[in-house]
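Chains: A, B, C, D, E and F, in written order; residue numbering restarts at 1 for each.
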Amino acid sequence: MRIKVIVPVSTDMWNKMIKEQYEKYKDPDTEIDVINIKKGPESITSLYDDAWAALFTIKEAEKAEEEGYDGVIIYCMLDPALQAVKQALTIPAVGIAETSLHLAHQLGNRLAMIGPGPIGIDTNKNYATFGDEGRYGLPAPVSLREGAELEDQVLDIFKKMDEVKKGLLKAAKKAIEEDGADVILLDCGALVEPTEYLQKNLDVPVVSNSIPALKTLEMMIKLGLSQSKKAFPKPEKKKRLM
Amino acid sequence: MRIKVIVPVSTDMWNKMIKEQYEKYKDPDTEIDVINIKKGPESITSLYDDAWAALFTIKEAEKAEEEGYDGVIIYCMLDPALQAVKQALTIPAVGIAETSLHLAHQLGNRLAMIGPGPIGIDTNKNYATFGDEGRYGLPAPVSLREGAELEDQVLDIFKKMDEVKKGLLKAAKKAIEEDGADVILLDCGALVEPTEYLQKNLDVPVVSNSIPALKTLEMMIKLGLSQSKKAFPKPEKKKRLM
Amino acid sequence: MRIKVIVPVSTDMWNKMIKEQYEKYKDPDTEIDVINIKKGPESITSLYDDAWAALFTIKEAEKAEEEGYDGVIIYCMLDPALQAVKQALTIPAVGIAETSLHLAHQLGNRLAMIGPGPIGIDTNKNYATFGDEGRYGLPAPVSLREGAELEDQVLDIFKKMDEVKKGLLKAAKKAIEEDGADVILLDCGALVEPTEYLQKNLDVPVVSNSIPALKTLEMMIKLGLSQSKKAFPKPEKKKRLM
Amino acid sequence: MRIKVIVPVSTDMWNKMIKEQYEKYKDPDTEIDVINIKKGPESITSLYDDAWAALFTIKEAEKAEEEGYDGVIIYCMLDPALQAVKQALTIPAVGIAETSLHLAHQLGNRLAMIGPGPIGIDTNKNYATFGDEGRYGLPAPVSLREGAELEDQVLDIFKKMDEVKKGLLKAAKKAIEEDGADVILLDCGALVEPTEYLQKNLDVPVVSNSIPALKTLEMMIKLGLSQSKKAFPKPEKKKRLM
Amino acid sequence: MRIKVIVPVSTDMWNKMIKEQYEKYKDPDTEIDVINIKKGPESITSLYDDAWAALFTIKEAEKAEEEGYDGVIIYCMLDPALQAVKQALTIPAVGIAETSLHLAHQLGNRLAMIGPGPIGIDTNKNYATFGDEGRYGLPAPVSLREGAELEDQVLDIFKKMDEVKKGLLKAAKKAIEEDGADVILLDCGALVEPTEYLQKNLDVPVVSNSIPALKTLEMMIKLGLSQSKKAFPKPEKKKRLM
Amino acid sequence: MRIKVIVPVSTDMWNKMIKEQYEKYKDPDTEIDVINIKKGPESITSLYDDAWAALFTIKEAEKAEEEGYDGVIIYCMLDPALQAVKQALTIPAVGIAETSLHLAHQLGNRLAMIGPGPIGIDTNKNYATFGDEGRYGLPAPVSLREGAELEDQVLDIFKKMDEVKKGLLKAAKKAIEEDGADVILLDCGALVEPTEYLQKNLDVPVVSNSIPALKTLEMMIKLGLSQSKKAFPKPEKKKRLM
């Protein structure tokens, strides 16, 4: 089973970390390759970045299918271009947000999402946009909070990891006490270390936002399943200029 | 990793089949035990049966935790007593309906559930009861259809497997063509063979309703996750007579 | 007109109180019998208790129909086994929650439910579980508050009635002022005296949670109505072990 | 207990029929007076008629409170001016639609409303207007059908009672078979005789649309309850010209 | 293009102000006439007033169509009798609430409505009545706040304009900071000057509640569009007494 | 007032038609420029095309703001990149779908969208994806139908205009009769001529899908309004490679 992980940002700074944790959780017979897009934004912290990254993400996903991979993971909590990729590909494609949201909703009833920076920006697209609608047909989070005030909330995470972890823990505690949250999901794929830190320091489930994509995709492949081509039909051939 | 599967009916006729398919899909280091409840209904085809089976299912689940299992699967598409078991246990508990519904909604947008007998009966509790509400916070199926008219739709499945498979295929085709369904889930845990049959004969995903429970539970255990005790608090100690 | 009230707990401590208040509000020609289940939990303060009580409640309800009663009331704000009982019986069956919730929603627009102990526990099943869904197709309460911190919030009510009443009044005032509630319903069938106390001390409607079951059931019987057997079909005959 | 029934049409042709049936179902100590408005439309078959009747209905309701009545019933399935009357009055005010809809939803899960004439007209205001929204916070009917094609669907009911009854029965059967309805409510207060006719000829509950108003109002009065003045605040005094 | 503006209150004190601002924003070829109803309440601050004004508003609207106007605007944020008028008329009829709500939802995701007096009263009918339902199929406002405590919140606006403007600004700031609102709509058609004042002093859009009616109606007329007679069918001819 | 219309396809075949109709409906003082993107797909008939076109559309929109335009229209019924453009720009940006959907919902209650080709493809993203959710917080259409079976449903429209018009009319009639639609919107910006054809041949409103964008944008500009920067915050400056 060969899986390609596409990190939809124009930096390779996250690839190693992702590779390492996926190696730890993968099935024995799974091979993992992690690549990033060569163009597009260096981080995704807005709908604008999300739209910027779409075309380059699609291209990498199409390449993965040509190269014979059995499945594709888009590694960003905005799931950029996920619907388009599901249309383009025959092999299964998953995003880390869709899969971790589904796992979180099986563990608790009231979800809080905690992000590294101003939540208004990077979750704008997906949550609580119109009244109480959630994403992927799931209930909207009962709580959206930010844990830190980094200048660029993604690129600075490693430099200020201690501050980030403490800020996220504080925000998660507020979500639990003030908003009644009973399950926590961190809203950025770079927050692997903080997830473990929160898990140790909170007594509600803190759901990994990266591993569910891997295990869900392995489950799909083993069961011979892929996204419905009736729901995500193959795009017609036509002239498309790049 | 040791997992106990509880079949909430007072017959052991399904245990072997469940054991066999779980052995096929489990992780190498997972041990699977399958047991049924000793009292309660011999099949579950109504809310009445579901309520009848609740107490005996709870008791088996509590015993599993005492015996040191790492997780529990309730094997019935009505997920009998699942919320109560989630309260009683510290180890993770999943039902085959909750987990397979979550997988199905990641593969398509419009779900059809096809059952062996009159759908009005055994899905009454869960779907489309009030307007458009679904189960587990998920969208309601766009289509509920029955594939056969067995006298007891569960106990007779093996005897009339051919008729059942053809009936389910016909119903699924109608769901796709007339109701616009783009992903199929069979609504009874006994329909393992028909799932494979439909998968071969349809070009939309036909989701296993049994394996997702296993793989989701393994994922939870590996990630050190269990149901939120804030959402499913431990019941107080008190006098309870049986 | 003969009505049987089933108190789904294994203590008879509430029967007299229930009988007395029902005698006060019943129609002249109505006969009321109040019994409790002989097994099951001594109080219902969790989904776990609710599932524990189900089978014994069903059995008493079936017996009531055999004895020739014209209708059945399940007397607990979790309405345990109500859907199963509606399936099993031909005579009308009502729960005190369903009927009082319907009356409350005819008197105001924003409902607060106030319980004697930690609301998380005994209302878990019913309210606010997934986003904004309510129970019985009705809007979810805008406010869920607890009025006291009793050790066992139900069994201790009589001993600490003064504390309970004051606690509930305080919680109800907060629900009105802070959550904008405009109608109040107490979330436990044992809170008859506090209901009257609150009614005297608040200027929004405080709805009895016990009398609506009686008057709604009498209305159904007079109109020759019972739960739809299409919605709640009679369970098939089969082997069920107890 | 004195109750005033206001028929919001400028004809007294229904008063006697209403009085007779209310006498049959009322509590022994209840006194019933039935009056109609002197101005306004002679029947209500559109939102236009509903708005026309509003002011005259308010005036009669205010008079009833001055005359010392204990409660008011507005007798029309559009519940004209009900919210305004709930604001104006301190005594409880109910409409026949609100109360019968609440009873119907306690008897089944999927409601059909069957009207005497083109449903588009007289239910326009209330049901299925935007997507799946229902009325009074209740689920929208799953089925809206018309049973007859009378010239004026209300005024001609008596003249063509046989045709009306047969038409309604046929429409109700279609609602049950084709739309999956499991409880029936006729959508016009004049359809007392057809309600009984359908009840005899169908095996799902056919809910009276007139008696629930009476019995619900009696229940409110006995319990000392009235509409929340926080939800329906008393209008300020000001100059209003008529 | 000739448009008639109907102010549904029995005072002409607003006509001049409305005429002036409509002259400023209208298309070159549009003629505007502004009239008020001669009977009914002198201001609309409750559902009671709204129902009071309905009949007189209908009559003026019907007259406008007879006089050859091309469209009608009902100028009050409760849109009194709007559905009935849409039924009665063939020419397009719009209300200032419906049109400004639609514009506001195109400019932001989380709407706050700020009113001059107690919001409970004049928005009761429309917003947040049952759970999270909004008006006109639009999402409910995330915030409802009052900006002043006038004795009659409408008639006193001119006298205390400074106090009103400051109160509204303060309330709007709270809505933005505490409720997360990102677009503001004032909830009374008399608040033209305060709208401009808030627009200067806030950095989220403050939507005019009067001009959208004019521009939307002009758009409809230019496109040859009017309300669907299938959705708003012409009322039957019948005896209606006034 | 200067408005730039961006046609998000890599062909200029539609520019002239769009320019002509906008000239006909614009305000006297409005200047209209119509351009298409130079790269990207030559038509948009899938989510895949929509994602492909995003980056090139963003770039043109940013350029328009730099060139001093007062507002931007994205001319495609999928509104590609609209949320991202609203973030990037300070001047108002509208899409033809958002604006025409809002107008349609002010004219009727039950919307049908009729497209030139297989609806599953080009409306996949927006409508009826999960249960009853609509787009932009508006109710989902009650009816989605296709009017023709063109090879490329957009590029072939001119060649087969007669067939297209007849197909759309037939589909719209079915939507009205079978699905109860009461207002029609064509689901492709190229269908200008068919809109007029249907308007002449149907007696429910057939809403232009292109003009509302123009008139709504003019209204915003005149009122000094633009998308809320709180809802659509300016993206941070960062490295983004193209």
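In this section, a contact is a pair of C-beta atoms (placed from the backbone, for glycine too) under 8 Å apart; a residue touches a chain by one contact, two chains touch by 3 or more.
Values in this document were obtained by computation on a predicted structure and should not be read as measured data.
The chain with its C-alpha centre at the largest distance from the centre of chain E is B. Superposing the C-alpha atoms of chain A onto those of chain C requires a rotation of 120 degrees, given to the nearest 5. Note: centroid distance chain B to chain D, computed from Cα atoms, is 44 Å. Rounded to a whole number, the gap between the C-alpha centres of chain C and chain D is 28 angstrom.
Touching of two or more other chains is recorded for residues 109, 129-132, 136-137, 139, 230-231 of chain E. Chain E meets chain F in the complex at residues 25, 27-28, 94, 98-99, 102-103, 105-110, 136-139, 176, 182-183, 199, 203-205, 207-208, 211-212, 215-216, 218-220, 222-231. Contact residues on chain C toward chain B in their complex (touch as defined above): 10, 38-43, 45-52, 54-55, 58, 81, 83-84, 87-88, 118, 120-121, 124-125, 129-131, 133, 136-137, 152, 230-233, 235-236, 238-242.
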